[in-house]
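Some structures to go through are shown next.
Paired with chain B in one complex and with chain C in the other, chain A is shared by the two complexes that follow.
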Partner chain A sequence: MENPEQLLRKGVHHEALKQGAVKAVLGGMAWGVVLIALLIFGRICWDGAPVLLKPEFPFVDTAFLTEKTETLHVFDDASGTRHSLPASEYHGWVEKHGAESIFNETTYSYSGGGIAGPIVGTALLTLLSIVLALFFGVSAAIYLSEYAKDGAFIRWVRLAILNLAGVPSIVFGLFGFAVFVLAAPVFTDTPSERSLLAIPLGFTWFSFQGWNSSLIAGSATLACMILPVIITASEESLKAVPQGFREASLALGATRWHTIRKCVLPFALPGILTSSILSLARAAGETAPIMFTVAVAAKDDFPWEGATGPLGVLQSQVQALPYHIYTLAARIPSSDYTQRAQYGSVFVFLLMIFLFSTVSIILRNRVRSKLKW
Partner chain B sequence: MPDSPTPTSVPADHPFRRKGRSTDGLFRAFFAGNAGLTIVILVLIIVFLVREGAGFFPDYRKELVLYRKAGLEFVDLSRKDLTAHEQMSSLLNRAYYAQVNAACRTEFQRSQEVSAVISYVSDAVAPAQSALERVQERAGEEGVPKELQDSLSAKYKELLAAALAGKPGEGLPPTPHLSSEERRQLLSELEARDPLSSDDPPLVVALQEQLSAKQEQASAPLADFRAAIDAFADASLDLDTLVAETGDTVKATKEAATLHEIEIEKRATLLKAAASAKTEEAKAQFETEARESVTTEPVEFKTALQPVLDRTPDFKAANAALAAALAEVQRKLPASLEDPKAGRYLSAFRKAAGEYERELSDTVPAMAAWKHDAPVGLGSTIMGFITGRDWITGGEWQDFYGIVPLFTGSLLIAVIALSLAIPLGVGAAIYTNQLAGPGEQKFIKPTIEFLQAIPSVVLGFLGIAVLGTILQETSMKDAFSWVPGFPIQQRLNMFTAGCLLGLMAIPTIFSLSEDALNNVPSAFAEASDALGASKLQTIFRVVLPAAISGILAAVLLGLGRVIGETMVVLLVAGNRIEIPDFTEGLGVFFQPAHTLTGIIAQELGEVPFGSVHYRALFVVGMILFAIVLSINWTAQRLLHKFRIGHD
Partner chain C sequence: MVSDSPSAAVPAISIENLRFQYGEKQVIHDVTLDIPSREITAFIGPSGCGKSTLLRCFNRINDRIPGARVTGGSIRVAGIDIARPDLDLQTLRRRVGMVFQKWNPFPKSIFDNVAYGLRIHGEKDRSALEERVEYCLRRVALWDDVKDRLKSSAFGLSGGQQQRLCIARTIATRPDIILMDEPCSALDPLSTLKIEELLLELKNDYTIVIVTHNLAQASRCSDKTAFFFLGKLIEHGPTTKIFTKPDQQQTESYVSGAFG
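Then we have the complex of A and B:
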């Protein structure tokens, strides 16, 4: 008969081996995912960074960020040298050398120049949508956290928030197209034929004919999409404010609104703002909702050029970075000449998103450690 | 104390008084209204999806009625036999070529590698070479100026040297099937090539000769098979011409009917305008226009269809000929083919042949029983949408809206994505939560969460630019030729899309599973430890079962995200609207497909407002909405129902 102690030790050894194997497999999975993530970042940085950065001062190629998108012309001249020029320079070249000295010409749409248009468009879109979403979202959160008592209404609201959070982005695109682009109300002198309902006001018409494809329609769609995230985050921040603050204020005779304004919101605001930066990143990154509501592939001027006042800006279509990347990836053939525009845009875009995310995470941690009750 | 103020004696002008109770109710109502906004948005989504989509079925039904009345359906009865015949002969052809190519695989690869090298070098020297050719052409009598010739030649040499050294772009393509000596020979031949000649280097010619010799050798024993295939392919010619001729007739009928309808509609609009016209003059104008607007006679479907119906005997004869050809080719087929892939195609043909025979024999009775005025029910229209196997739009013949190909595509991609994301996501969560040290946790968690922040369009772009190419190049390698579906035909396919979507689902599954594991009360693990269980036993027998509902919910939410994702599938899935060919076995995953989300994103921008196609896209949106919501709802139910450690 074997020594029981030996048996035990054998079992332990066996067990340790098994544990090591399982740990290695699971660890391999976890680190594998991390490795894939790092590979993705690495690949984009490897190909994208050279577009944006340059070895000498100031290290950033501002031309790529400040020039408008142009068509890229690739051609040989008479002496067999290959040129690749964006449209504006190309026309200058043609004037100087004459059209007959151009051979083997190919053009690549949207691949020349910079990406100022898409950057501006995305900035406007995100800004507008986050303002809309913050206004409505924080108000809704105040109701949920400060006023509401459990009841049928509140249950419906919570169900709606939960469901809205799960709606696919393309369905938001359909919704934005059907509601904001085609059916939202406007004041107009000549109601369009497809207007759902036109109410005469004497001097003008109040017609439900939509805002067309415009900045405001796209922002409203994006705002609807990030609304549930903002409501949930804001409610959490509001709930984190100690109950004692409210009680003390109410005990002093303040009204509920006064209490909220002076004793709850100021303490919840940092939390609300930091978590809303995260939804900013989401709003900036979505493509499907803006495809039919605002985005255009090519536009020669900035939204404020040729627009009449701030209302004109709201009614203009814009380029947007995610849509620009989609256009570059899907609509034009990939070649050595398009890589600069493609990887450059992706790099800038990713940099932007990560800036938002990192800032939000750092701020969140600081707020958490600072505002502790 | 009499002089201390009581709560009721707040001065009348104190801010607490001024902002008193009367306005508080307003504020409350304002905030409640904003909370209600979420319900309004959800209701608006549903209402507008239904509003735009609801008109689809009646409109589609109208189209189908015309399809039947004009006789297009009658012709399609035979056309479907033709399509099936085409597929059958393509199966045979694939078997044949698989067999032939298997025999000369190496030669084929060698010749391909060589042409890749040559096209790479020609691309690199193209500017100088075309300039040289140009000056040569224009030179005329007196010849090219020596200076120009020299400078261009120098440039050509320079570019050639750079290309041969592998400098521009990606570098010289690899040639794993050529010996290093052959590669050197190829490069030196390229170097010595006259810039103006278009002849291939001798090595290329030699390789091509080798290839064609081998092909000939391989196809010699298959000559009978080849003849049988050709005979079978030719057997459809009669039916082909017949279908084309009758097709023209019925299409003309349909067009006439459509035109007439448009004119009638126009007249109705004009008459309406006349009724509401302000002046007598305008009214008279509208009425004349209305009278003139209808220029065509209503179509007599029955008489228009008669010449087509009269050819039924011809159809019968052609059908019989096809059936005979099918029986004939089955007799002549080789019993088996050596190459496993070719063998699979052959057995797929044999399996399909029985089915096709039945279909052929069903066609004639179906044609006899067909009536142009049988009604099309709304129910059958809806069924046609749900079970329809074709999504054909913008065609001249007839548009069909069948959701099956889109649904299959979405489903297969989701299967690939989840089969990658579930093990990786859950495994990583278990490791991070239970086994990893705090230092590792601090690194793994944020990195995976950062993965979630990558916008889908960026992943889609990477799929096109990087992953698709890498997968295809890997699949070309000999070492992987045993994998079903390899080598991959299309760079963009369901597998590529599935991989990327899996990557998107991993963070969702990871963080929610991690939460679920975290929520298991520590007493569970402590009790298990105290009883002497090992670490693994504690994890897999105690903690994991306790968290399983949360993990299931995480998987479901990941599934919801995968099904609803648009940009990745639009960019990477290949966008071929067809039911994938399941005869390929597991290789089915490497075919391109289209999806529910992708079709909306791709086509909504192009369809006219209010058309049947436009409405069809909204119906697809409705279905998508319903699917994703029910998945999310189930996940939420799971989370709430089986929560452990909370009341």
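Then we have the complex of A and C:
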């Protein structure tokens, strides 16, 4: 080799400085995002944790999780002591001391008691919508990836599905209201007056009168919203399964459906579950789609109370955490007394998402470990 | 529909004037060839000469490739035209097994891999499955290596073992014909040798068609050899004749290593 000294650098190393700068900028961005996330989570935990956690055993304020939402009454008694009691205890207090011993009373809606109603509502909505979305989404993905011949039409279908992911959630809410709440078909003995079309079947009527504001209407709306993500991710997962598995299975004499069921779907399942974990968090957190289709601000009983069977549960309205948070923030005057319910709800909501995601990840890992790669 | 013990008179596979296209590209031109029963027939020729495509026509696995179609001629398996609309494709593929170039065991246990084909065809009895799985694994000389870890992943085996597992999986469904698409092209010489020994052992019970790029392999283990070039069948006959005194100049240059 001639001039081996060329291998040695002379003077300032500009390239290294440039590389360092690039690394610093990229790193700064990443850590900035982490910092913002930490600030948000920190604030929620700082304000929310004291509502839920207690210094003494069992360390969790179970009443906040298990009691229903009540109106909070804040007043002074005759001796000037300030009381803040939820409606149920307030009535007992009034009976005991008499209404004349209450001064400077103010009431705060939804701020007393617990948030059991919204927790139950959100859990039901999330579970139901993910089940619906997985059923329809995976079916569609199987068709698109395994059966459909690639052509102009299928490309349009794919494009439409992708675009659906960009539709604002409030539009899904209005769509759900127009379709599921007002127009979806039901079997009924007495069609409603506003039924769009009632078809007599002899023993009953098939009436396009909608499902009203109900758990099933809300779940269907949420399912529509997360469908594009589920379909796209499932299709990608199915396509990632090696062609060799399909050919080997077909060459052994398996039918197409059998091959999909035994040799494609099980191996795509971890990927499908990953996409549903993301969708699950999104479905749980959306407010706009459930505003018109299922959620109510106040409800005195759980969905299964007074319901006739599982169908009755599906027809009931529910409270939901995101909507509860919205109500507390935007629809009642804010004060020190509403903050407990507000921060507590947000904190519990975060914990719920965390729990859902953890369970799904554990489930996915179990499915994955059954595959013997 | 396919007779159980094919007589020597009816060839296992008979191909007549077969033409095949991928889209607009014709890859097989008027191939006529009979493949005898209980023998090993080797397809040789340079890459892209259509030999793998032809092999994949025998169990109609090409059906799933968009644009791939037979445009003329016929293939008969044990006398039955496999293009017939009333053909039971699943039974055809069970009777005409296939081993692929890249070994492709399922990400399941060793046992489940071999039992897969049996389960498809409705075998549920545990002891019958176990018996058949053991038989097949013994047949491919894999039993002693894996009998203690039947429940562990097939992916833990070496390449050669995985390919032998795939052969076991194929013979589990009791095929009459086994198609092999370059089964040793990604294996080391020792594993290749084992597979070749296995082929010679299997030909007592099965008709084997093997596509290979390895001329030495074709000359070592096949009874008949067919030489393809650019989608045409140039010459076919007993292996010794093809390799020692072929009729065609092209064949001679290929087997002597002048090109390809």
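One rule holds in what follows: the second predicted complex is superposed on the first by the 318 of 373 C-alpha atoms of A that agree within 3 Å, B and C clash if a C-alpha of one lies under 4 Å from a C-alpha of the other, contacts with A are read in each partner's own complex, and residues count from 1 in each chain.
Note that in this section a contact is a pair of C-beta atoms (placed from the backbone, for glycine too) under 8 Å apart; a residue touches a chain by one contact, two chains touch by 3 or more.
For clarity, every value in this text was computed on a predicted model and none was experimentally measured.
Undergrad: Touch check for A:S249: first (chain B), second (chain C), both, or neither?
TA: After superposing on A, A:S249 lies in contact with chain C but is clear of chain B.
Undergrad: Output check: A:V60 vs chain B and chain C. Expected answer is one of first, second, both, neither. What do you get?
TA: In the superposition, A:V60 touches no partner, neither chain B nor chain C.
Undergrad: For A:G27, using the defined touch cut-off, is the partner it touches chain B, chain C, both, or neither? Pick first, second, both or neither.
TA: Only chain B; A:G27 stays clear of chain C.
Undergrad: Tell me which touches more residues of chain A here: chain C or chain B.
TA: Tallying touched residues of chain A, the top partner is B.
Undergrad: With both complexes superposed on chain A, which partner does A:H258 reach: first (chain B), second (chain C), both or neither?
TA: both
Undergrad: Counting only touches as set out at the top, which of chain B and chain C does A:L355 meet: first, second, both, neither?
TA: A:L355: touches no partner chain.
Undergrad: Counting contacts the way the document defines them, which residues of chain A are shared by the two interfaces, the one with chain B and the one with chain C?
TA: Shared contact residues on chain A: 253-255, 258.
Undergrad: Please name which positions on chain A make contact with chain B in the complex.
TA: Contacts found on chain A: 15, 18-19, 22-23, 25-27, 29-34, 36-38, 40, 43-44, 76, 78-82, 103-104, 136, 139-140, 142-144, 146-148, 153-154, 156-157, 160-164, 166-175, 177-179, 182-183, 194, 224, 227-228, 231, 253-258, 281, 284-288, 291-292, 322-323, 325-326, 328-330, 334, 336, 342, 346, 349-350, 353-354, 357, 361.
Undergrad: Of all residues in chain A, which touch chain C in the complex?
TA: Going through chain A, the ones touching chain C are 149-150, 242, 244-255, 258, 262-263, 267, 371-373.
Undergrad: Residues of chain C touching chain A in their complex?
TA: Going through chain C, the ones touching chain A are 59, 61, 64, 66, 90-94, 97-98, 100, 102, 104-109, 116-117, 120-121, 152-155, 166, 169-170, 173.
Undergrad: Inside the complex, what are the residues of chain B that reach chain A?
TA: Listed in rising order, the residues of chain B that touch chain A are 7, 10, 15-16, 19-21, 23-24, 27-28, 30-32, 34-39, 41-42, 44-45, 48-49, 51-52, 126-132, 134, 148, 151-152, 155-156, 169, 423-425, 427-428, 430-432, 435-436, 440, 443-444, 446-448, 450-451, 453-462, 464-466, 503, 506, 510, 534-536, 557, 560, 563-567, 570-571, 597, 600-601, 604-605, 609-610, 617-618, 621, 624-625, 628-629, 631-633, 636.
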